[in-house]
């Protein structure tokens, strides 16, 4: 059985059908990419999995649970973590505090214990901190540990968001355009990180990405979406070669020189 | 300049980062404990009043500073604290039990009231709570059997372990009561801040959407924040009512809520110190102004002090929108960097706002 | 007949709230700040008018004084912006709220010094005379309030909807930085809206004072107008009027039909009820953020 | 040594609302008191001592009142309190004033509760709201034959006292109590309330509302064509601006209070002198509350004079009790006696031609009309 | 030839943090200049300082020979400098059409505005299709199109583009750069371009600067930069993959 499966999912915003009868399945251990033109409905798929939106029809199942029966804040407890396309961090808090919020689903202590900062709370805090420090080391965030998000450049914020998602110790990681706004070098780092996340941490990854270089390097499977419906699905190479995908998404245009350049980025 | 050499993660968990810091607060506590021997009964009364405002201010700070929910209705919960405390005492409970129970009771009611208010944000929550505090006035009249209606209550005698807490006969007893409460609330507050709950408060404040994605139950968190905030405000209200000697339906009117909000913002939103500094400004500044005008020979313009008070508040906010504690933090950084600090280091860089109508 | 009378009086009543609420909404719409001094500005506008018209002060002709008062209050609104609020540009809106509350203290103090604390009556031609339609009676002031409020709401609404400046004001409230990138002089635009709010406050003040006696504490009506604006969905001009009308109409009806001891609660109880079911008012201006 | 008294000075305190909803009451009263006190000081003070009136502003908020009393009594150490405004604010500090032995003179509220029994060191100027309304209803019943009493009030201590007086007067006189309505200070429209009272057949309507509200009610009733009714307000609504509303809106409104209107007697000697002095000093029209402040200060000074150069609190209290004279400014007789209430009699006035005209004087003890000359 | 835009010795702070440490550069009329640099190098801060959104502490910014540093941003815009900001910054509660109309806020020629709007619509047909949709509900890429389109509506003399390709599909990225090239060549619009996609940026640009930690560390013509070994390995991704291999190893990339 697939770890995550969407079955005939449809979502409309007024007259716009953002996602149209979409079915897809992500297997445990995969790195799965959603690609497609702007406005194809990729982020909307993420938002439905996170239960920010409720599809008008269809079902979303994670590890045998029907996600549609759960509220947005319960999704994290299944082990699903995500990042956002346009970065949604806790602006006034430090990087460390942001990551510690990621540990929220692992807390055990009660209100009264916390008010008294009883021994168990202290013990848990140490554990949270250890877990978070591992993520910090993994993503090279040490210099920013005590910086407020408001003072960080765009690229670092993207990494912090990834770190926060990892701090939840998820089974499934949803990454919405993890490499956008990153330089070539940083994109390379991202590639290794995603690889390690899958290989060493055993986390399944579902990501949206426009950088086909990155997609073809790290993904096992790609699904191309257009106007909310499935256009093509297969290995990165298959999808990239699909004429409809080229037509609607990749382009063959005059400045193929830049397209190539984009292609060799990773 | 001092450096903290952190040798373990526990350094970040401790109440005090280092010995120096601990000694500072210990010294402050000693001064506070010795105060009744140092100042006369007038100033002791004023100090007590400041501490009472600080207790209530800490309550609102938890909600507004930490969780980002603006309440203009905390006077309603202060009233609830005062009335429930007296009612519990009339049921025969000793003062201390009645007092703490009043806090718990107010907290629970606050949490329940928070449930319909959960979906409200910003001005909508502000006016919702403002309406609550306006209605409280009428509600107190309607609930006359428990509230004494428009006649209200005279503060009953207060005894703690055989010591009478009497404002006029022994002002220091009242002072210690207020100080003890303030310390207790501060301790709880600090503990919350370094616990998961405190972080989820901040998460809800900064981004409800990503808080949800991290598994924070926004509704529950807000309810807890509201409840705790009300509990503290209830304790503050109980003290305020009893300290005033009498209270009725008009005592905890919405102006008190507004002053409370002023206090925490002028003190510095989000800082425990801010609640205390704000309490000093709101509770003591008017008194200070009238002492000063007395000294200058009384003027014949009625209401002058309140007018000047308003102008000073405006000046405070213009001078430092982040509040007094925010300013102190900047000054401290400057001192620590001395003599390497640039003169215009804290010149405000241009800043811009975005709409808060997106949730 | 009784019901119709209640309805029409409530309408006139509600228009006063609506008019003050318009001032709140104006400033919110263009700056996203809540101006808690709006009620006090209304009071000030009314007293300015008293100062211009009443015989013991300047004794000007009423109709001559109206434009003068509007001008004075407009200038004052603008002055408040450049002298005080501009220094808060880009700073937290909660701090601005506190600033306006403190401003209210100062306005009340200054008005008290100038005009004294005793209640006064504006010598307004609108205060005299009733209009009878069938079995229903309204005072001239009531009619004036209704007409002016409807006209102002419509005018301001169109202003925001249709004109470039109106659009720029909305833009400035949604993203100040981006508004600057478009070449919108954001601070000047905010100054303009404060001036406009001063004018609206003055209109409200004149009509309020035409309906009855005026005192320094008149500004407290601002709280109710604020509630009205929120019921309407803070930020919507027609919403402000709607909210005002709802509050205005519920008042006489409650007094007529609810038992004593409870009837006076009606407007605020209603506000709470509305917010429980429509958390962002009737014409909600709040959106769920798209991520 | 007596508290608040030195060889050169006597300190008097006052806790007032100079910035809140009752600033309209406190401000003129403070001005009036200062006018008199300054006059006394210019003439050398009382037995060589200057009087200093220290006024604190509490904005009608109890917590701030606590601070004001704390300062005046604990820090400044005043000899007496004069014209403290607000019922709850006064009551809450009776224990303090009693403990420190501070006489409380002429508080600016006519609530029954401010004159406890026994009165201790508290002195009130006039009859209570309760007595005023009782007397007013009886007068209206006798003169108009009205039999149905109604009430509209703010549900505060002040409003409830007036409502209670209305109920009990109806009972005492064998009248029917028709209907009552409650309001908030920020309410603006009274068509609903007025039509409700009319439907209930009310003939006397007692009022405990804000100033603007009281006027609006009378105007609304007239506009709706309801004329066979008498509206009765207490001393809290007995104000010049109420009578001066343009267009005669308030014509016919009754008030029942412990003194006579100032403006209506502007051509009599004492009122004329007061008005002239007040307006010269403050360039604002003199009002009833200014007069109350002035006369309260005058009474205090008379007692201070009588208490002699060796001023003690006991001596002063005795002197207050011994005051017994006709006050031409208030137009009433003052006699504190053992009951500590200055003026016993109650005046019924009615608005006409822009003034409050005195209709009758009623003995506060017997509730009998006193024949007027 | 004097430069259209000249930055001299600029220093900008965020409170105590120095983000721009003495930057000087020139942009000549008709040129496309690109600024490359890693995360946090200060590129965004530099553009914001030029357009007046931030105040510099030291240094001058000259536009057409006139000093403009520290001005209110709208005064800068009115001179013909427009910035397409990083992260879209659209007016979320206004419609697409209203957002575009605001782009033309400083202009008064109705007919021309309408023509330009149609031009933007022809570049990005989805905007025409969704002209009544609230901008805040558009997808990330759609908002980016709107931000660029809105910038074009100002008819600027110089455009400061902060990562215009952020979040755009490969196809649209190509189109954007085609459009920019056309604007530059046909309409003579000068541009200052910050891009992470260095290959396309250098392809379009005439001149390039490289920033690190708030300083300019390299400047040359775009061609030379594109050929330089450092640039190739750090910004174009031509580093020999073998060196990094399967291990996570990083070559430090800071010039100091």
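By written order: A, B, C, D and E. Residues from 1 in each chain.
The criterion applied here is as follows: contacts are C-beta pairs under 8 Å (C-beta built on N, C-alpha and C of every residue); 3 or more make two chains touch, one makes a residue touch a chain.
Predicted, not measured: the structure shown is a model, and the values here were computed from it.
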{"item": "Chains touching both subunit B and subunit C, listed by label", "value": "A, D, E"}
{"item": "Furthest chain, CA centroid comparison against subunit E", "value": "D"}
{"item": "Reference subunit C; chain at largest CA-centroid distance", "value": "A"}
{"item": "Between the pairs C-D and C-E, the one where more C-beta pairs touch", "value": "C-D"}
{"item": "Approximate Å spacing (C-alpha centroids) for the pair subunit A, subunit C", "value": "47"}
{"item": "Subunit A-subunit E separation of Cα centroids, rounded to whole Å", "value": "27"}
{"item": "Rounded Å distance between subunit B and subunit D, as computed from the means of their C-alpha atoms", "value": "38"}
{"item": "For subunit C, residues contacting two or more additional chains", "value": "105, 108-109, 112, 117, 174-175, 177, 180, 223, 261-262, 264, 285, 287-289, 291"}
{"item": "Where subunit E touches two or more other chains, by residue", "value": "14, 53, 92-93, 136-138"}
{"item": "Contacts with two or more other chains, residues of subunit A listed in rising order", "value": "43, 52, 84-86, 88"}
{"item": "Pairwise chain contacts, counting only pairs that touch as defined", "value": "A-B, A-C, A-E, B-C, B-D, B-E, C-D, C-E"}
{"item": "In the complex with subunit B, residue positions of subunit D that touch it", "value": "16, 18-20, 23, 26-27, 30-31, 34, 52-57, 59-67, 70-71, 74-76, 88, 91-93, 95-96, 99-100, 113, 155-157, 159-160, 184"}
{"item": "Residues of subunit C defined as touching subunit A within the complex", "value": "288, 291"}
{"item": "Subunit C-touching residues of subunit E, taken from the complex the two chains share", "value": "51-53, 72-74, 77-78, 82-83, 85, 89-94, 98, 101-103, 105-106, 134, 136-138, 150-151, 154"}
{"item": "Residues of subunit B that touch subunit A when the two form their complex", "value": "9-10, 12-13, 188, 191-192, 194-200, 202-203, 205-207, 209-218, 224, 270"}
{"item": "Residues on subunit D engaged by subunit C in the complex (per definition of touch)", "value": "19-21, 23-24, 26-28, 155, 179-193, 195-196, 211-212, 215-216, 219, 223-225, 239-242, 244-247, 282, 284-285, 287"}
